[in-house]
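There are structures below to look over.
Each of the two complexes below includes chain A, the first together with chain B, the second together with chain C.
For the complex of A and B:
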């Protein structure tokens, strides 16, 4: 299983990187977002641009990569005529999909680095990471959360003909709801309740807490637990979806959309 | 000829939208851009620490045309190539300017609708007060801006004859519109080179003109609108020029792409 996961990850990274749209999300998007957010935040009175500009631009890039790659990968396999082959391959189909998503997500982490480099090179802004170890722990939690939510979306979009439309439609709403660029407390209370149903909300809060410096370790781990719980819930959902799709495909004897 | 122009415009629209149901079409044309408007207005409210979001509602309502004018119109020739129609378009013994302009008719209509919708929703959510604004001039401003943005989209689509990475080009351009038009932050924040680029972009002058309508006594409206329309005309001519070059190269080299 690990060999399948590893080889799928490497192959997926190479396949994703040759696509112009992925290259935009990976390389151009964090640079442009950093410029845009820096110009918007430069007079905000915020001294540490790491929390909203660098982290915000990097996470927006990361999420775009996920939307335009992981979410549409099953559809891309169908388009290439290889979906049936990987579905019936001796290696498990969910493991192959997981390998693809992990590959994409790990490669997409480059957006955080690009965003950081852009802010330092272009603007020489003060950047501080007050709690690096907590940041590392938060990053691991965030990557896991993004991998799992990508799997759910990928499965949801598997049997749709309009993947491209939905990929576009989920990008900005999640960035807004999960508070990538501003705290979710800015949103109306009813919307905040919705935000709390998305695991990336907690991931972003944890990363931001680590950037500013964790003063209340209890609160950090409490949020971490919420993140872990939601991620586990999403993982269960993606497994359920995988089983339902597998059953539907076996009954209808086709992987094509209706 | 006029009838053929509009028939062609309708056929282009049908080709772009036939795959979608009405609700999906609305989702694509309105819901997604509207979420973007709300998102950037919220970012502005938080970063600029202000409750008066008029200029961001104005800027982002204009940017709602990006989907129709940049992403839809920008891939026209790319799609023509993909569906094997490019050879007929290039080889057809007809004038190419009406053909190019007919592409822009429906995106312009949808862009105007999206913009007006953006103003309405933006004013409802963020409390923008239109009571002191001359609505006739505002409508004229929106129409002029959308014509200019459509001409820009047509020019981008002509660039599709020279590049095989149009998704990359169009996405970068959509960010350029956010950075250089003054929709998200004042142009005066940009360095000199950035301020020059902003004057070459569509929508910059229309956004300034619309913002001026909210400030009584601002007399630059007509100058700015003339500048906006001139910018659009330059992009339309540029598209026509690129297409002529593509035609000539196609006849000489026997292929339809410049890359």
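For the complex of A and C:
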């Protein structure tokens, strides 16, 4: 079981890294976004570039990688005929999916590093990270949240080939909705309620709090709890989906392109 | 007798929607009530025209597809519902250039699938060396599969299908794209499997090959069985298997 998880992770990282589209999302995207965001926020008089520029660009890159890779990969495997093979292998399909997603997400974390390096090298901006330990905790929470979301998307993709279309539609709205580049509080109240249903919103808030310095530890952990709760909810959903798909895909014949 | 495959009144329909604006649902009867059984140690052929339902039948047998109706048992278990008991003990090879990770070498492909079949570390490497030699890919085993020719990918597919030393091997047009030596290698592999008491179910459009290899076969046309038996029985006095085949298929369509 660990061997399956581990080898799938490595395989996925290798497969993703050689794909030009992924490399663009992973390497070029955060650099460009960092430059854009830097110019935007400098004009707006923002002082803490870490909170919005580095984190914003990094998270956008991370999210694109997830949208196009963790999820899109199911379709690629479908087209190359390997989806059917991994589906009927004795190793558990959910473990294989998890391995792929963890591999991709860890690789995608590079976007944060790249956007950090870009900001430092290009602009020599003062970057402050006030509460490193809180940041680490927030990062672990964020990565877990993203992994779980990817799992839900991956299962939906196994069920329906149209999911990829919907994926492309939600990529940008989610960046705005979850406050990757600006706080959700600038959104209209009705929209904010919607933001609260998505776990990345909390993950982003936590990361930003840690960058600024956590003054109210109670609030931090309260938000952390919300994140954990939502993530657990998503995880439950993905388990439910995992159980359903095993029968469903064989009835509807969506494992392969005919 | 020890039947490892038992199929009874098996049916499978596909629904597909047609039309752009006004979408109509249409059902296609891909497999329409077929029954046959295969004994342990047999080489069994599934023949028929394009679109006859051969691949669909194999998919149901390999737990990839749910039957619409009827029963489909492999090694005594239903392929839909008891698939966990079946999967570690069978494997399949689909013809064509699908089903390998092109960004990995042959050896890494096999290593990965060995993991998915939960082989333990020690026997894994030994097994991989064995089958690489068997399919004659050893020289190129460490090159990426995307640099392989069609036939080499086909050889890799065959190797992958053998990774878990399956009791039953399903092969859908396994000789597609193989050179004469490759085709002979495959025949040797199949004969070797037979000597080891393994069962093989294969489809092919190449009738002489089917005649040479198969103990028994069925001919399917439009989802229904039109003939079954040993090659001799199917020939039933015709000069060649091809003559008999043409007679059977045309006799039904006209």
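Everything below uses one rule, namely that the second predicted complex is superposed on the first by the 247 of 258 C-alpha atoms of A that agree within 3 Å, B and C clash if a C-alpha of one lies under 4 Å from a C-alpha of the other, contacts with A are read in each partner's own complex, and residues count from 1 in each chain.
The criterion applied here is as follows: a residue touches a chain if its C-beta (ideal position, glycine included) is under 8 Å from a C-beta of that chain, and two chains touch if they have at least 3 such contacts.
Only a predicted model underlies this, so the values are computations on that prediction, with no experimental measurement involved.
Residue contacts after overlaying the shared chain place A:41 against chain B, while chain C stays out of touching range.
By the touch criterion defined above, A:186 reaches chain B but does not reach chain C.
By the touch criterion stated above, A:124 is placed in contact with neither chain B nor chain C.
Across the complex, chain C is touched by residues 3-4, 7-8, 11, 14-15, 18, 80-82, 84-91, 96, 247, 250-251, 253, 255-256, 258 of chain A.
The touching residues of chain A, when paired with chain B in their complex, are 20-21, 23-24, 28-29, 32-33, 35-37, 39-45, 52, 161-162, 165, 168-169, 172-173, 175-176, 181-183, 186-187. Against chain A, in their complex, chain C makes its touches with residues 14, 62-66, 80, 83-84, 87-88, 94, 96, 98-104, 108, 111-113, 115-118, 160, 164. Chain B contributes residues 19-20, 24, 27-28, 31-32, 35-36, 38-39, 42-49, 164-165, 167-168, 171-172, 175, 178-179, 184-185, 189-190 to its touches with chain A in the complex.
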